[in-house]
Each structure stands twice: as structure tokens, then as C-alpha cells.
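Have a look at these structures, which come just after this line.
Next, two complexes with chain A in common: one pairs it with chain B, the other with chain C.
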Partner chain A sequence: MTAFDASVEMRPKLVGQRIKRTEDPRLLTGSGRYVDDMNPQGVLHVALLRSDQPHARIRSIDVGEAFAVPGVVAIFDAGDIAGDFKPAIPTSRMKGYYATPFRPLAEGKVRYVGEPVVAVVAESRYAAEDALELISIDYEPLPVAVSKDEAAVDGAPLLHEEAGTNVIISRTFARGDVDAVIAAAPVVVKGRFRMTRKTPMPMETRSYLAEWDRRRQALTLHSSTNIPGIICDVLGTCLDLPGNRIRVVAPDVGGSFGGKGSLNHEEMLVCVLARKLERPVKFVADRMEDLTAMSQAFDETIEAELAVDADGHLLGLKADVIGDIGAYSIYPWTGALEPVQVVSFLPGPYRMEHYRGRVRGVLTPKPPTGPYRGVGRPSSTFAMERLMDMAARKLGMDPAEIRRRNLVTAEEFPYRTGSGIIWDRSAFQECLQGVCDLVDYPALVRQRDAARAEGRWVGIGFASYAELTGIGSRIAVAPGMPINTGTETASIRIDATGAVTAAFGISSHGQGLETTLAQVVADELGCRMEDIEIQHGDSALVPMGTGTYASRSAVLGGGAATKTARVVKTKVLKAAAFLMDVPAEDLEAEGGVIRARSSNATMTFREVAHAVYAQMGRIPHEQREDLVGSESYDPYLGTACASTHLAMVEIDPATFAVTVTRFAVAEDCGRIINPLIVDGQVHGAVAQGIGAALLEEVVHDDGGQLLTASLADYLVPIASTMPQIEILHVEAELPNNIGGFRGMGEGGTIGAPAAIANAVSDALAPLGIEVDTLPVAPDRLFRLVQAARASASG
Partner chain B sequence: MKPARFDYVRAESIAHAVEALAGAGGDGKVLAGGQSLMPMMNFRLVKPSVLVDINRIPDLDRITLEAGTLRLGALVRHRMTAEDVLVARHIPVLHAAMKHVAHLTVRNRGTFCGSVCHADPAAEMPMMTLLLDGTIHIASPRGTRTMPARDFLIGSLATALEPDEMVTAVDLAIPADGTGWAFEEFSRRHGDYALAAVAVLMERRDGRARNVRIAMMGIADTALRLSDVEAALEGREGTAEAFDEVVARLKASLAPNSDLNASADYRRHLAGALARRALADAWDRAREAHMEPA
Partner chain C sequence: MEDRATITLTVNGLTQTRAVDARLLLSDFLRHDLGLTGTHVGCEHGVCGACTILLDGRSARSCLTLAIQADGATIETVEGLGRMGDLGRVQQAFRDHHGLQCGFCTPGFLMTITDMLRHHPLETDDQIREALSGNICRCTGYQHIVDAVRELARARGPLT
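This part shows the complex of A and B:
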């Protein structure tokens, strides 16, 4: 490390401080600006007639008197816009994969209830909805295989005939000889685990506004997306527009949780229509539309078998996973994103030689599945952590002990799992120990045993997991996907007033990145945090930008910020050195003031910047440089983020309601930029995980109709559902990336469902019940207990 | 989710309101709290031609003590009922029930009378009105009339109200001094529509349960008074055996539906479990009263 860097290391840092989010004053006082707040002159509103059929041919569409409704401007079906775009193709290099074309409106046939078929464009959404009531679609119903098991068999009705099959994804990960190991193992446990379908449910629904600039022949899309760069690139291709004539801006975005992280039908549609009509066109989904047609999550069945030796050491695991990917392979991640990650992460944070995970992704007449906070790992962790507890129970071993014996230890890193994931050094063991210490585990066990002696149903559950975050160019975020998710660019500019503008390709939608990246930039540059504006969520800001997803933005954005800030700082100090007539090595910067170590001379950033830009001839031209920089960062591999969750629950034997009485998290996310924000991310993600464990379930009936189309039926956690969440931050060894950060925004959804499933199983251990399906709704528990009692007495 | 076109009338008086309803050709709707009506309009499940807003009509937002009854006006919000001293003092079972009613924002706007008129089988107000032998006050251009709640509530989302009528108040009978009470409800999350709920009133004279009243909801098309079960307990000692027997009879008499949140078997189990708790609690709360000489 150079002397120059050492001076940076010496002074108080913003990184590591509990700084309140700079976003919050505007968001909490109603000064935020979301897509729906934007109403350019002449804006038109879209309402969609959506399919009420799971699988049907569109025979004809009758618009009746719809054009006569006052305010209606135009009505479109797929045929009306056929020449105006090319479909988006979610390609992949996976063998045997079929990329389903993705269009704004259903063409020829519909493939799920809720798929957009007809678009009404009107002066108001009210008028557009009035017109919808007058339009009728004549469908010829086609045979359906609604469940993934039915859809996967040969001869099942095909959703996409061109694919020749519904099973468009099929992969196997294997190491060693798992069959032999299972055959010879002293203890084998198995189960059929099901994580039911969920919806991401951001508070702001999906919202899109497209504006066509007739003068420039250019398109601007304001979108509630978290991947503006990816959306810009794909729409540029679909609409045949070069990158300088299409721009995608994500203004304030009210959450995504994955639901706004893929291309949407409606997002393409407003662009096509705005160009066609040469007027601004807006679509804002209502809650029912988001519940019906936003990308959904999980929906896998995992049949898994785990072999352990008599001391509880893991020997081998085999799993057969079938994922219900819905009617389309989503752009750009493909339908492989979720189910394939289940088999790649199933071996978990454990030492285990033999593994075989086979996965199939099956098209079904339901909304496509896509990213959802945690991707794949909530399901895989649920299955694996259940198996760990089942094995411990069979061995009569404490669940903490079996984990301690198998979690990869410090000296074993880097560790390659049976599926090929490489874990770098992270606090696997320390998190387990940390959470046990945090809650005083032995005392908790005594508490549970005392309650159990009174006949109460009280249980404790662990979930240990690791996830891969901050992934660079060596690993595709989704298998075989042709876009670059491994690079991130920052661009920093100091203007004549000394103000700092730092622009990124990431797209914060609740993570507080405007705060954390400003902390990183201020530390590196030596300026004041309040002098920095962080810009993000705009495809035009930097040449290479995709967005915020996959727990990447702190690692990649933070790395790019650091590299760029160093370049700009060198230029600032070089100018200051000339102006102050001291060597640059003699200067240090802090809080916006540049100081010479050898004298009392100081200059502010503002003074230097003014001299550089505004004072003619002050610095000779050949020595003068604009105070700008733009660097990209690629961490190449990824880094592990590890955690152990602990849940304690009590079940009411009269109502079968599960109450979470204690919840604790020990996690290692490397160097913490802002503990306040990290705590908030853990709280939010654990809440979401508790929802997945106890409440949330998207239900389609046997006819493919959605039964959970309102928030009275799709239950999300509310304040009264939530326990106090205790958090312990463990910092073992910093990962080998710039900044030493690990991604941590998703983890809560990964650990919480498994921990609660284990706690519920522990509470019902006297009845021999093993939870294998989430959520553990009261009715589901009632039936489990009835069955257990019947088999005990019969 | 935008409503179809409708006309809007801001009523200045009850007479004005019912006149506007009468002029609506049979499909006018009264807007009080709007907590059920507005979502239904947004889903276009109802398309009233005229919305008659009664929120500016004076004096409807009162809870008053009449002879032996509490009168709740048409603009009494759930929040008022929940916080009202007269309710807490005279009808503690209603005070207890209010803790389960909806979420904060709904409680601030939703009204007692509106909920009774909406007649949702999983809402607390119709059930409590039945339990408390409620009387519905009704106004129309033809004058006023009253009707017992049991005649008013005729089915799921169905009442005996005529298109040109509005409910101006509900009277609830104040239980006799020393009456034991209990309210038990279970929903997936606090404040949600109940999967099942039960409310019990009973007096205790000479060691026996008297004037037993049991109402339930979530187990049929409408909230119910369980008169058979009431009769089965009437005059008996409040022993565990008696309660078990009554609950067994109750469960046998139910034919609940299965839905997303609860199978019929679970719902029957739940109804029994809640009723068992409620009966014991009500008995324990009842203060022994001696027969007055006739």
C-alpha cells in the first residue's frame, strides 16, 4: 500500500457508520417521483383485456361498441402491431433448451390466465376500462396440463408446439458416486419438499410510461424496473432503435423483490404504442394485475435423499427437482434461473463429497416464474436444512451439533461443492456459533423442554446457508445467459462548484444505494458526503450498466466507485499541488478540504474545482485535466455470504396458528458499509421469509384459474406477524474484492423459511411430524396432526 | 380496477339521502365508510348509478344510551365503537370484539351500520348485532321503521333493506348486570376476515347458566345465533362435561364450507375449539345473581 493510501486509511471513515438514508427525506415526505407521478401532456392510458383461459386458441376478437366509449383513442390486438417489433428471445447456451418468444400481446393463442390479449388506449384509465367491458374474445379452449407433474409427461398437451416438449430445461450436476454411498450409508433420510408458488409483491405496482420524440425519432421509457440497462438493450433490439435513440429511466421505484427484474409484456407494449401513436402512453398495473401476471416465484418439488455416517457426517445427497416455470421462459434470465439454482445450491455450506442433482423446468399454463429475492436458495435451503434436522433426529443428535460437524471450516476454504460452486472464506462456523451465543441456545433448549413437559408445542429451528453474491464475469447469473452481468461502471465528475456527481449503471429500488455509494465515494475522494449526488437507474448514465439484482450492487458498484474515485482524486490532488505549489504526495483530502502535511496551506474542493474550470489560464493547459473519471470493475468470481438463522415458535393446539416467538440472525456480509441499512435489509428479508413460511401461497385451481387474486387471499406478513429480530454481524475475513464487501440484501428470505419449517417440525416432534411443504398454514398443520394421530392410534 | 361511471349526491339530511336513493331507480348505494363498497366498485362487482354520500349528515356519528339499549348511529366508525366508554361499560363483549376488527385504516373509516348492511358472513358487526338482539332503524321516503336483526340479515351479502331505504342506526340490547361474556376469533393475520369467531353471553343464577346466547360466524353463509346449542346449555351447571357435550353437539350441527384458508374439517375443529374456550370464559366471568322475587 502506498503512503498516499495510508493517509486515507488513517482518517475517520464514513464506511462502517450508521448513517441515515439520504433517500428517506424525499420518500417519507411524499416528494419521491414514481412513474405514476409522471403525466406528460397528452398522455394516454392503457387497460388490458387479459386472458380468462389457461390455454386456448384465439378464434376472433369482437370490439363491439368499444370505440364509441368517450375518450377511447385506439384498440390493438397482436395482429395490429405485428410489424412494429421483433419478439424478445431469452436465449441460453443450455443444451436442449427452447427459448420461448416474448411478445407484448398474445398472438394466436393464450397460455395463462392473465396474459394480455387486447390493449385499449384512452384518455383515461377509466374510459379504457369502460371499453374493456364491451370487447369479447372468442376462444377455442385447448387441453391443459396445469400441474408440472402432468405437464412433464410425454404426450401432455404442448404449450409451445415449436418446442416439441414442455420440459424445456434439463440439467444434472454430479460429483462422486452418490448411489453407492446411499446404499452403504448407516443413516439415510429423505423427503419430498415443496416450496409453493409466491408473488414478489412490491408496494408500487409495475408502471411504465413511454414517450416518443418525433423530432429525434427517439424513445424514452420510464419504467419501474430494477434492470434499466438490460431493458434498454433488449427493447433497442426489439424496436430496431440504436442506443442513442432509446433510453430507459427507472425513477424512484417502490420495491421489486425480483418482480420488476425481467422484461414485461406491458413494458414492451407501451413502447410499441407510443411510437405508433406518437403520443406518451402509460400503463400502471393495478394490484389484481400484479397478482395475476407479474412474474412469480419458486414452485418446485424437490425429492431428496441424504446419507450420513453414524457420527452425523454428511456422505452424499441426491435430488430430483422439478420446477414449474410457467408459460414463458422469462427475459433475460430464462426459466432456468430459479430451478437450476435450486440444484446448484442444494449441497449448502457443508462439506460433502458425493452429490447428484437433477433438475427439469416445465412449461405450465401459469404466469412465468422469474427472479424473487433469494432465487433458488430459499427452496434449496428449505429442503437441505430439513434433511439436516431429520438426520439429526434419527441420530439423536442436537441440530446445532450436526451442523457444526459439517459446515466447511476456516482451513478448508476455498471449498468446491458437489455442484461446482466455490465458497471463498466466510464465517460459516462462526455464524452458527454466533447465533447460539446470541440467544443462549442451551437456555433456549431448557425453555422448550419445560414448555414441552407442559404439553405445549414449542420448537427451535436452525437454518445455515451460504449464497454467492457480487458475481463477476466468470459466472453467469443465470445459466448460459448471453448478457454480461459481471461488470459495473462508475463515472464521477466534479464540476466548477466543487459538487461531485457519481453515476452508475446500478438501479437502487429500496436498497439505500444512494447513501452507501456516497459513503464509499466520500471516503475515497476525501470530499463531504453532502457534496455528492449519486445517479443511477438510467441507461444513459454510463456505457455499461445492467441494474441492481443478484446482490451485486454494493460489491460491483462499490468497487467501480472506489476505482473511479481514486482516479478523480489523483486529478484533484495534481491540480491542488500545482495551485498550492507543493508536491502531490504532500497532500491529503478530508471532508472536502485538501491539506498540505508540510505546511498550513489548505484549499477546498470547491476552490480547486473553480480554478480548474472557471479561472482562465490559472493552470497551464498542458497540466490541466477535467476532474472526471470512469472506471469499470469486475470481481471475476463471486463471494460467499454466509448466515445462520434461528427461529423459536409456538403452535396453538386449538387453532394451529404458528407464532414466531424468537428470531435471530448471525450473518457475515464482509465489511459493512452502513450497519443501519444492513439491519434494515435483514429485517425486510426475514419478514419476507416469514411470509413465505407461514402465509404466502399463489394458488391456481385444477382449471388454471387464479384463486389468490387479491390481498384478502394472498396474505403477506404485517407488523403484527413479526417478531423482534435479533442480529449479529460476524466479520470473519474480508473477501478478495475491492472494498471487502459481500452482497447481503437477499439472505433473509433464504434462511427464514427453513428455520421456521425446522422449528415447527421440532415443536411437533412428539407427534413425529416432519414439515415438507411451505407455507405451514393452520389448515395444513391441522391435517398433518390429524394424520399423525390417526397413524399413531391405528 | 376503476369503477364504472356513477352520479354522486352529497346528502344533507336523511330525507335528502332517501330521496336520492328513491330517485336512483333501484341501484343507488349509500356511501358511509366505503371500506367494502369502494373495492367492490373498483372490481366492478357493483355498479351503482348513484352514490349517496351520507358523511355530512349531522348527528349520525353518535353512540347514545337509551332505555336498556345502546344506539349506534349510521356514521359511528369502528374506531369510535372500539374506544367508546359506554360500549366498554355496558357491552364489554362488543368492546372485546372490536379488537379483532380489521386494520387501522379500515377502522378509521368503516362504520358499524355499514358493516351490518354489507352483511359479510365473516365480519364481526352482523354477528354482534345478532348476539345482542339488535334492532335496525330504517328510513325511507315512506317514513321510518324498525326491524329485528335476525329478520334483517337474510344471507351472505343480503339484507331485507329496500332499494330506497337506508339504515340510520342500530340498537343493541344491554345485557343484564353480571352477565358473563366471551369473544373468540381466529384469522390468519390479526385484523383479517375471521376463519371462525364465536361470542357468548350467559347469566349465572343458582349455579346454573341462564339466558345463554351464542353467536358464530365464518361457518355458514351468514352469521348465526345457535339457538339449539343455547337451549342445550340453558339451566345447566357450567361444568367441563357440560361444555364438552355442548361443543360436540355444536360441531355435529355445523356444515361449513371449504375454501382457500380452511377445509371444512379444520373449520369445524376451529369452531369447536373457539366455542369451548368462549363457553368456559363466559361462565367464569358471569357473576352469580339470585332470582329476584317475581
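This part shows the complex of A and C:
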């Protein structure tokens, strides 16, 4: 080291430490405030009569004696509120796309079982539900094409006649000549993979409370949303209210996993009704309503063919994907969000020259699909990683080895995939090696082989993937979507008491961003963490905010926090320099105290702030500046986040239950802000991925009726079915963004389903079974084994 | 049966007398009549466990209990476990181990664990996971919750 450099601060940082969460005391003592915890005076409650038909014309609605139920205030159908709003239009720049208009209540016809048709408003939810019993709707059933394959054919019954087709999304990504490569390749593997429909199932159901301020003619919506900024903007348009007379607040929100990341019928409805009735109006979904009508996930079929050379190098991949997007193209992401990303991410983290991915998104009479933790990549990774294992098996190659030969290497970054995704440097290879070392892979293989020799069904599966996180303004989070998701603003102010308030456009709903962003601000500003309040989840906080989704908040929020804190710190030091009569360059701030390096002089943030704001004349008026700043951050490009998952499973030959006996994750999320929180995110996302692989499936029957409308039918992981998860954090070269953070909240759902599908296929390799549909619940596994045995004996 | 009834019960040490509809759920009574919104409702069909309270000392689903069934009972809810500046030991263990994320299922877990610590050995992780298996958490994957309970069970020692 050369001469002392005063700009290098050697003090310990909060970033990187296992800081206990700021959010916890309130949430642990029942002092949190979720939407349903708010009960303003005069609040009215909404209950909804929902469609029991998948596709039908509404002939008439008979409210019968419903008005006679004590406590009923009003009853509305679409006609009663027709002039009170404009529908939301999920526009897109995609060619040939049709944007389905989205309304609070079904108008003219219903398009899925569970679509809201009639709203009863009453003094209590009990009274509102009583009234529902007395209302009947006369439907003229219309023909239905329930499955995406039926709905995609010419002549299928049209859900939206104006579209002229059910296939409202159609894209192709291509590079090279994949047909020629496949025709000439020594090894070709193919499959028809299906990730069935899921529901996000956050623990808090969707909850909305709208309040109309008669004095200001202004609306406040309290919503269990994770995109308050986007909801505020669209509702302002739908209700014709300027941004200073509509505000959307997400208070404590009980999880989302994507399910609260789109506009909902009911969210629009309470706003329309609160303005109309000039009373607070609340709707809280019950679990059946959420299982029936919350936006759902996945539901693609992926027909794919992979060509590999004799040494296991990938040559080309061809895929035809059809996505069941449900009855509406969801606002704002559109129905393209999920299926188009499947073909975008299908080439995976691998070097491969030739690719063609074609995708169609098809309207069907089911709830709309929307964002779900991992978006597109759980399905694409499932298909690609299955093909990798199938190719390895055909070549007699170890599954780790075929990945090692094909994962993009350090010197190849930035690498452009066949679909056009650009991977920046991330620890692709290191994560694969890391997970092998973590579990002692050779020993694990010996264990498996020993078990197999005893006739037990034990298997090991890998999944390697990369995801784009912290995406800037170069590309929209959803393909073709015109909303800017690539910037984030932080607004920081220090008040006269020295307290620091940092406001953002993000919206934490379990991620602990009040803690992690305070760590970042405290480090940059040099104040005490306990003096910081992080504000989020409120459209009124910063001029333009969208919310928290797509693994953006640590990257974009952290970047905006850093930039703004630096601006504010400069102002604090400038004031302190005057007050302490030393040059600003001679000052440093840490733990809320400003120190001169060349003397013993100190001032606290509180003293400086008091002097700036409250003590007239302490600082000459021409030099005095408020201790505030507001900066936005746009990383422009996104950053890659890489990981390899490894699962070991054992299948019970009597019950066909799959037990996950080991689960390990090696991941590169760049600089870690809080390892405690990162581990928690990995555990939770892996659990969700295990649920997707083994348990969870939304089932609609041939008539479009939901068969999984309770938590006794839609199964999610519980403590006794979850393995201990082992995690290795691999830190490659930091990404080129402020802070060096990568987004990491979604990854577990991406790797886990594929790893488990590969492990189950490995366990059943003696029977030649290749898992192609998830979940591999006991009934599905039983049928696979029966079929394999029948074909072996037949 | 009458449509309304007057009930008297003890909630977190305070005696409460209220006239309620016979069909009122205990969860709604606690949340709306008493304003104890820490008890959350996650499914209203007894599967998720978010609404778990202690009814005469044992864990119970308040969404599957009518308020009138609690007449004469002693009820404990999350609000009775500790305060923001003075967390109870189960609450503190959750904080130390990052056993919560969105916090919605948390009150139900805290009440279940309070019961389990009083009545079950919880000597192995399998026993702990079994004890937690009536409560759903969608955020944590349960691992940090298991860590918290393991520490609590060790600190408690064997059941006498």
C-alpha cells in the first residue's frame, strides 16, 4: 500500500452482515397492519357473486329478495357502473397481439369460473354473503374450448370475438439453422414437457380498501399489491383522476409470489364503488376466491428437441411452446409475460449456436395467468435441464460433466444466447463445481448406486440456470410492455432532529427491504441504522414508482439509495465543514458522527441538522441547503444471476411418495447485503419449487370447473415434507452496477422443479422413465411406473 | 338456538363480555369485535393455521370455532406474548433466526409453538417439523422456523 488515502474508508460496513430485521418487532407482536386490519368508520363490505360458468352469455340477473337482507346497502352489476370507469387495456408492442379489455365486473358474458359478476355491498361481510344466496343469474352457456390445444385450432369458440382468434400472442426467436443441425447430429433427444398450472398462494389473500375523500374529491386505495405505483397509474386513467388525487398504499403485505403483482377486478371495483357511494369500501378475498380467481401460473406445453455432438457439446435446440394464458391478457404484463419468457430463456446458461423457439399464447376459459416467482424460467429450465440429462444418459456421460462442457465459461462473457439474452459475467461454472463440492458428489453417487443395488428408487438430479435480474430500461420486464420498469427513485431527507427518512417506489412484501435498504443507506450516509426509516409501498412517496417484482429491488433500490445518500452526504459534510471550520475533504461520517481526520472535532448528524434547519444564521443564507436529495437509478442492462441446484430423492415403491433427502444450492447473487435474508429467500423459493415439482397443481375439469378450490386439494409444502436446504454462496466478479448486487429472490423456484424432475427420472432410470410433466405427485408417478412395467413385460 | 348470545371470556388476561351473533366466528370476534388484529385469517377452513390461538391453554383454529363456543374460556393471542420493546421468548427466537418474512402466518406459528413447547418433547428435528406441520408458511421454507424452535426446545430442556 502506498500513501494514506483518506477516501478509502476502512470501517466495518453494515452491508454483508446478518442484521436482524427492522420489520420483525411489529410483525411478531401482532402490530403489523395488513389491509384487513384497517376498519375506517362507516366501512362497507363487498361480497361477489362469481360466475359458475366457464363461458356464457349473461341473459339476466335476478336480485330477488337480496335487498331485504338487513345490512345490505347496494347491489351492482356491470350495467350499474358502466359509466363510472374506463376498462384497463394491457397494451403491448407485439405484432398481432390483441389487448383484452379488463373490467371490475363481467359485462355481457363471463369467461371463466370465478369471474366476478354481481357485487353486494353491505354493512358486514356476513350480510353481503347472505344476500348473495338470494341472487340468481340466468346464463346462456356458450361453447367452450377448455384446453389450450383445443382453443388454439381454427374454428374454436372465441372467448373475445373482437380478437378474431384465441391465439393472441405469437413470437419466434431464431439463430442459425437448427433444422440442419438436428438432421446431422449424432445425438438428438426430445420431449413434450408440461409444467401444469399453479397458484401463487400467498398467506394473505387479496385485500382492498378504497376511501373516497369528498373534500378533496380524491381516492386512496389500500391494497395488498406489490405494484402500488403501476396500480395507481392505471386506476388514475380508468377513473380519470390526476396523480395528485389518487394514491395507492400497500401497507404490510402478506406475500405475493406474483399473485398480487397485477391489476385485479376487485381492486378496480372497490375504487369505483367508494367513489360512487362516498363511503369506504372493502373487499377481502376468502381462500376459495383466491384459489379460484387470483392470477395463476405457468401452464405451458414445451415440445423440444436438442442436438448434441458425440462429446456432449450442445449443437442446437428447437422448441414449440404453447401457453395457456387464461381468459384475459393480464394488466400490465400481458399474457406474453410467462410463455414468451419460456422461449427467451430456454437455451439456458449454455453455449449453443443454433436455436429456434416458437411460442403461442392462447386464450382459454380459465383465470388469467400472470407473474409467478421465477416467471417463464421454472418451465424453461425444467424442459432444458431434462433434455440435458436425457442427452447425458444417451451418451453415457455424467450429468455434471455434460453441464461442465456446456456452461458458458468466464472468458466467454458477455455471451449472447440464441434467443438474444445477454449473459454478463456470473459464476456459471463455479456454481456447478460448488454444489458438487458442497455435497461431495462422488460420495453421493456411490450412495445412490448402493441404494440402487438394493433395489431402492434413489436418484440425483442437477439443474443449472441463469436468470436476468435488476433489469434496467433497455428492455421491459414483460416483452413488448410499454411501462418503464427500469428505473427506481430514492428520496432521502434528514430532518431537524437528525432523523433520516428514505422513500422509494419499491414495495416490500416479505423481502425485508426496510432492513436491507437501511443497511445500504447507513453505509453510504454514515448515519446510524436506527435513525433511518425506509418508506415504501406508497405511490405518493416518489414521483414515479412501480413496485417490487422481477428481482429488481435490491439492485435498483440499492442503486438509487446509494446515489441519493451520496448527494445528501455531500450536503451534510458541506454544512459540517462550515460549522466545524475544517475543509469538507477532511471530514468523514460514521455511526451518526462526523469527524475531522486532522483534529478531534466531532459533530453528530443531529447537531448538524439542528444547525442547518433550526438555528437561524449559523450557516450563511447563501450557503445553507436543505439536507435532502432525490436521485433515480437505471442500470440500463440487467444482470445475470446464476445457480446450480442438486436434489437427491427416494421414492417409496408402495405409496409412490417422493422424499427429498438432500437439497443443495450454489448461487451467485453478487455482493450480499444481508446473508440472513438471502438464505431465507433461497429456502422459501426452493420450498415453492419443491411444491411445484411434487405437490401443486391447479386442476380444471373438461367443463372448466376448478377441482382444487381448497387447501385440502391444492397442496403446498409443510414443515414435515421439506428437507434441510444447504446453501453455498459463490461470489464471482461483481456485476457492473452500483453496489454490485444481483437480484436473487426468485431463483429457488427456477432450479428446484428441474432438479427434482431429474432426480426422480434418475431414480427410475432402471425402468427407463423420463419425467415430462410436473408435479410428479404419487398418482402421476404410479401411472408412469405402471406404463413402464406394462411396456417392459408386453 | 338464539340468533344472538352474550358471552364472557378472558382474552390475554382481560375479561370481556359481549353480545354476539351466534354464527360469528371466533377469529372475526377477536379481530373485529375486540380489535385484536394480530390473529390472521388465511383459509377459513382449518388448513393453514394462521388463525391459531390458545383456547384454555391448547392451540386451536379460531376460524373453525364460533365465538359462542368460547364462552367461559381463556384465550391467548399473539398480542399476549410480548410487546415491541419486550418480545416474548418465542418471538425473540423468531427474530434471532429470521423465522418470518411477510409475517402473515407468524402469529399462528407463535401460538402453535407456545403450545408445543409446553406439551411436546421436540427433541429431534423430525419431531419439531411434525409439530409445525399444521401451519403453512409460504415464505420461509420452514428452515429458520425449525432453527428457532430447536433453540427454544433446548433452552427449555426436557419436559417434566
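Everything below uses one rule, namely that the second predicted complex is superposed on the first by the 785 of 794 C-alpha atoms of A that agree within 3 Å, B and C clash if a C-alpha of one lies under 4 Å from a C-alpha of the other, contacts with A are read in each partner's own complex, and residues count from 1 in each chain.
Methods note: contacts are C-beta pairs under 8 Å (C-beta built on N, C-alpha and C of every residue); 3 or more make two chains touch, one makes a residue touch a chain.
Quick caveat, the model's predicted, so the values are computed rather than measured.
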Chain B versus chain C, judged by how many residues of chain A each one touches: C
Partner chain(s) touched by A:Thr205 [first = chain B, second = chain C, both, neither]: second
First (chain B), second (chain C), both or neither touched by A:Arg287: both
Partner chain(s) touched by A:Asp24 [first = chain B, second = chain C, both, neither]: second
Which superposed partner A:Tyr636 touches (first chain B, second chain C, both, neither): neither
Touched partner set for A:Phe67, first chain B, second chain C, both or neither: neither
Residues of chain A that lie at the interface with chain B and also at the interface with chain C: 126, 286-287, 712, 717-718, 720-721
For the chain B and chain A complex, residues of the former touching the latter: 1-5, 43-44, 103, 186, 188-193, 195, 260-263, 265-266, 269-270, 273-274, 276-277
In the complex with chain B, residue positions of chain A that touch it: 125-126, 129-130, 133, 286-288, 654-657, 695, 699, 707-708, 712-713, 715, 717-718, 720-721, 777-779, 782-783, 786
Chain C-touching residues of chain A, taken from the complex the two chains share: 20-21, 23-34, 36-37, 39, 126, 201-205, 252-255, 257, 286-287, 509-512, 676-677, 679-680, 682-688, 710-712, 716-722, 724-725, 748
Of all residues in chain C, those that touch chain A in their complex: 21, 23-24, 31-32, 36-45, 47-48, 50, 77-79, 81-85, 87, 91, 94-96, 98, 100-107, 110, 125-126, 128-130, 132-146
